[in-house]
Amino acid sequence: MRYDGRQKMELRPVEIETGYIKHPEGSVLITVGETKVICNASIEDRVPPFMRNSGKGWITAEYSMLPRATDTRNIRESSKGKISGRTMEIQRLIGRALRAVVDLEALGERTIWIDCDVIQADGGTRTASITGAFVAMALALGKLQDQNKISSFPLKSFLAATSVGIVEEHGAVLDLNYVEDSQAMVDMNIIMTGEGEFVELQGTGEEATFTMNQLQELLELGQTGIRELFDIQKDVLGELADRIQ
Amino acid sequence: MRYDGRQKMELRPVEIETGYIKHPEGSVLITVGETKVICNASIEDRVPPFMRNSGKGWITAEYSMLPRATDTRNIRESSKGKISGRTMEIQRLIGRALRAVVDLEALGERTIWIDCDVIQADGGTRTASITGAFVAMALALGKLQDQNKISSFPLKSFLAATSVGIVEEHGAVLDLNYVEDSQAMVDMNIIMTGEGEFVELQGTGEEATFTMNQLQELLELGQTGIRELFDIQKDVLGELADRIQ
Amino acid sequence: MRYDGRQKMELRPVEIETGYIKHPEGSVLITVGETKVICNASIEDRVPPFMRNSGKGWITAEYSMLPRATDTRNIRESSKGKISGRTMEIQRLIGRALRAVVDLEALGERTIWIDCDVIQADGGTRTASITGAFVAMALALGKLQDQNKISSFPLKSFLAATSVGIVEEHGAVLDLNYVEDSQAMVDMNIIMTGEGEFVELQGTGEEATFTMNQLQELLELGQTGIRELFDIQKDVLGELADRIQ
Amino acid sequence: MRYDGRQKMELRPVEIETGYIKHPEGSVLITVGETKVICNASIEDRVPPFMRNSGKGWITAEYSMLPRATDTRNIRESSKGKISGRTMEIQRLIGRALRAVVDLEALGERTIWIDCDVIQADGGTRTASITGAFVAMALALGKLQDQNKISSFPLKSFLAATSVGIVEEHGAVLDLNYVEDSQAMVDMNIIMTGEGEFVELQGTGEEATFTMNQLQELLELGQTGIRELFDIQKDVLGELADRIQ
Amino acid sequence: MRYDGRQKMELRPVEIETGYIKHPEGSVLITVGETKVICNASIEDRVPPFMRNSGKGWITAEYSMLPRATDTRNIRESSKGKISGRTMEIQRLIGRALRAVVDLEALGERTIWIDCDVIQADGGTRTASITGAFVAMALALGKLQDQNKISSFPLKSFLAATSVGIVEEHGAVLDLNYVEDSQAMVDMNIIMTGEGEFVELQGTGEEATFTMNQLQELLELGQTGIRELFDIQKDVLGELADRIQ
Amino acid sequence: MRYDGRQKMELRPVEIETGYIKHPEGSVLITVGETKVICNASIEDRVPPFMRNSGKGWITAEYSMLPRATDTRNIRESSKGKISGRTMEIQRLIGRALRAVVDLEALGERTIWIDCDVIQADGGTRTASITGAFVAMALALGKLQDQNKISSFPLKSFLAATSVGIVEEHGAVLDLNYVEDSQAMVDMNIIMTGEGEFVELQGTGEEATFTMNQLQELLELGQTGIRELFDIQKDVLGELADRIQ
């Protein structure tokens, strides 16, 4: 049994509340255990310069944490005047992952801005962001199609993410919270499509290494967790889930 | 009757939810109509350099909006690499106002960091921030006293803020929402103590001016609204309200 | 009697020297006691992007202090790489105040850049800047009309500013110098038009508060002072003063 | 046969020239095909604040490209005034990877600065940087031990990296050059220790996804390539190779 | 005869007004024709880190132009968030030149901050800055000695600067104004000591070159002009001039 | 005899390796003693805004040092987020010098970007950069003419640079290395054309001064050294040398 009483292959309770903020085209609050992220999807009717006249759309993501989302207060990146390497890595990851399941041509020359703002953090903020942002994006795209601005629904597949890792006492575990994450010897983020294919795989030995066998075990745990996340996403999206090809 | 059906001297519905985020010493979500601000108060056991060895504490505030708190998405200040003049003005105002009702010696050499993060905006974000931050600060100070880290409660008075303004159709009105605010000829923010004294008064003619009589009318409206806010704060603070001298 | 021998309702000696710098369309050196500000008005034949094709002009202000305008040397904002909150607040205030008395349509699609550079500071730099900048702007607009680039004179009214405050020994006083300002319990900046209406009112209790009666007394002092400033402005502007509607 | 005539599982020619720059404690020029990176290791006798009094050392890496390392000239990050997300990701990766094979206690309170400067780029610059930086770091540590500043050699294992990917025509291939990399559907960086364990695994579907079988194939290709890199490193390090535990 | 009626070897009228700003230890307004620079010298009782415990002082200079010192308005460097290459070059030059005539040991561990703020520009702002800053520095050092903070006067020599250049119509000329400077084929700044020795020589062919003979002619013109500047400095410094060794 | 065994008027061994980096239109590695600089010339088919529609081209230079080009590691300017004054001065100097020998009309509306990256420093990096950049630029222009993009060869003359200085023991010496440079009382950079005319002359007394006679001696030493550099450049450029008018 883990710190919080979970089994090795047990996700924390996940909840996705839609329509959380009124202005964005798509908005959810995703809660994964004690981690809470507001995911907003905004649609802009133009693309960045490098995509102009390509006939294709673009998806870009930004990620931030409230200063007191964590146990000790962090200095705001706006006060520091620059974005940390960690933030950059995460927002590049979110954008790249979402683009993998969107038919950019069907989207047309539009940009979807994804904003993931962590209001409370307890580990797994980047994977919660991806899982929640997918739903926010689906809602925004649904609205776009309902307004007849696009003809076919641009989502090609479901997309969700979770973390797995190796911790001293328990070996391979699913969905690490902050305490587990900070003690993990190996930490891996897995992003998969509804078809069970990998979109991204990032495994890191933190002053440690991992073998091929351990990798195998981690991948299996991750797949199990992500399948559950797809069920929650489907539930929340309702009729919209059927539009996904 | 105003756009949203209110009377001239009617506040929007106000709600203050305490314990909103788990990590900060004090945390509230304040809702004023459609405006929603997370106000967190964090206590740090040291003061900025200019206050060292003064035996007194300090209170400093930061203010930010989620990019999609408003109807069109704003660029993050962390991406721009600098804080806008508007943000600077607001966070200086919040800090100054809160300091006016705190006995900094009773606080001791500690800093209270106030973070006001607007997750949804519909006018009056700076006054909602002040009204909510006062409660978050009171909660944090209550905890400090409960832990016997301070002997007397450092809050000298209640503090709340509202906006008043002159709009074309209705004349002087209380608590402007975004639509009213953007059409107002005169816009005034009033911050008062529980004793009915002014802490700050900022009246601006937006490409317009106002007379002494109009000023008088606006001040009376403001006082009415702020008295109601004090009742809500007292209700929410419960036993803590009695500690305020 | 105050530190410098003045009565409570006495302004410091004010002088406005026109044509101070040769390049700008309008240029003055305003001296208020020991405070000296160079106010330059430059006219540019285009407006910022958000005003394009509106048929209207724009006025924007920048404010700066020489490093040794004050008793101890300040680090240049260009060296720090960013503008302080105080500077931002002041330059936003100057611009907003000036726009209140200009008919932006009569100005046409032009920008007036106001530069207020404090070369010596002894309190009241922001109000001196506004009072001086009004004259610099009037000179520049006069030149524009003399060149037949505009048909009607865009100034709708006079504009001047002063500070009032409450200091321990003397109570409410007019036009605070640096020593008074740094000891004041309440500090208020008042900006008025020639018609005696308010353009902006900013009153701040510095770790203190003020009552409705004190507010009344401060406003009366301010009005007295500003009327004197209008006389000085009229004198300096000569024939141009008559063009103001 | 691939664009440049290689087999699927064939590395490009790799050369590691030691003592390339005279000042650093360790310096190599690594050439992988047409990719050339100067890797310098500098030893500083103190650690960053968060490591002080820990008795342990630290390793940090910086990565940069000459503006014309690539086919079209890139703007310098020093001119832009900020480091791109891509650069941040790479330098965090290099530092993390190197730390995985260093006994930080045996290093003592010292920082090893790794500078990877790409003077010519043709794909695989981050993996070449890691492979080269390992050698530069080993040289610097050897010098440190020869000077009797450390008693045991802090390197616990060999470390090398390569890329693998899936390209349309050829399927899974080893060590992608720029042309292949820009056309790859899946791109994976693998970092392994001399013991054959993973230090880091980063697989990305570029607007594509990959199956478990494809992952397996990529991992095998990567292992083959990395084993060859270890032989080259050993050869270059000579006697120093024997000190690695 | 030149544009403004001067002879080839004629300086523009030079005036140095002392005690211009009240706060700095030394302050002058130097006027060279239509060029006007406020030069302030501030004394700080400590040195930058690299000079600590050296027993020696330091002199550092900053240079800036008001936005409308020139014919068209320049964007403030504080707004741009960075200092231009031109400004950097000039302020490094001023500091270096002044240090050449100061006995840094006699100064003791103090920093002299030189601020040269151009309020009106018509060519030759950097040489006017040096000539004026020397006087401001002498005034500040005189005050320091009068207060018995230093025993011997740290100025070893006089210091002045002028520009010379080659213009199409007139050949070599002394003290170029803006019009001449912008048409000059060769532009040279000369800084000399009272002993007639060079401190700095910077000659630039602007898309042109110059011969050894032309160099000779320019150097002679420069010497003539600088000798006249020494007379003006001596006059202004009065008794202080005699303290210079 | 000097530290490194050279005579007073002896250059260090100079080598210029062409085609050093494969992507740029012109690329050399210049070695002057222990100083090594990669000089790349890139041609862009447009000019900066201030040159548009002038029918003329532009040349701009950037200069940088690897962090460990020197004995102690320097912080990268990209990490600091700004370029130092020294770097700005050097890159402005390189650009200005190269423009002096290019017929910008013959170049047409193109920009030549010169990148000088010092990979190892031992004094004289700016003069080595100029001497090497001239060759890189000539190579790039040769390629441009060979592709029939320009009709006449835009180089009007050769261009090379060296440093001279006065050091305590030896008096005036040619081509200072780092040790000499850091001890020199006078330091002068000389840039000349193949016709023996000056392009730029920058002489600085480092807390010292120099007489007219010393200037003369330094200029003669410089001329001697530069003539040797022209021979090396001619050798390296081969047939291209004949195209220079």
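Observations, loosely collected:
Going by the order they are written in, the chains are A, B, C, D, E and F; count residues from 1 in each one.
The rule we apply is simple: a residue touches a chain if its C-beta (ideal position, glycine included) is under 8 Å from a C-beta of that chain, and two chains touch if they have at least 3 such contacts.
All values derive from a computational prediction rather than experimental measurement.
Between chain C and chain D, the least number of touch steps comes to 3. In summary, no chain was found to touch both chain E and chain F. Counted as hops between touching chains, the shortest connection from chain B to chain C is 1.
Between chain B and chain D, the centres computed from C-alpha atoms are 51 Å apart.
Chain geometry summary: the mean Cα position of chain B and that of chain F are 60 Å apart.
In this assembly, the C-alpha centroid of chain D lies 33 Å from the C-alpha centroid of chain F.
Residues of chain E found to touch two or more other chains are 81-82. In ring order, beginning at chain A and turning toward chain D, the chains are A, D, F, E, C, B. On chain A, the positions that touch chain D within their shared complex are 82-86, 88-89, 91-92, 96, 99-100, 104, 188, 193, 195-212, 215, 219.
Remark: chain C residues 21-24, 27, 34, 38, 40, 42, 44, 62, 64, 66-71, 73, 76-83, 87, 113, 115, 117, 119-120 touch chain E in the complex.
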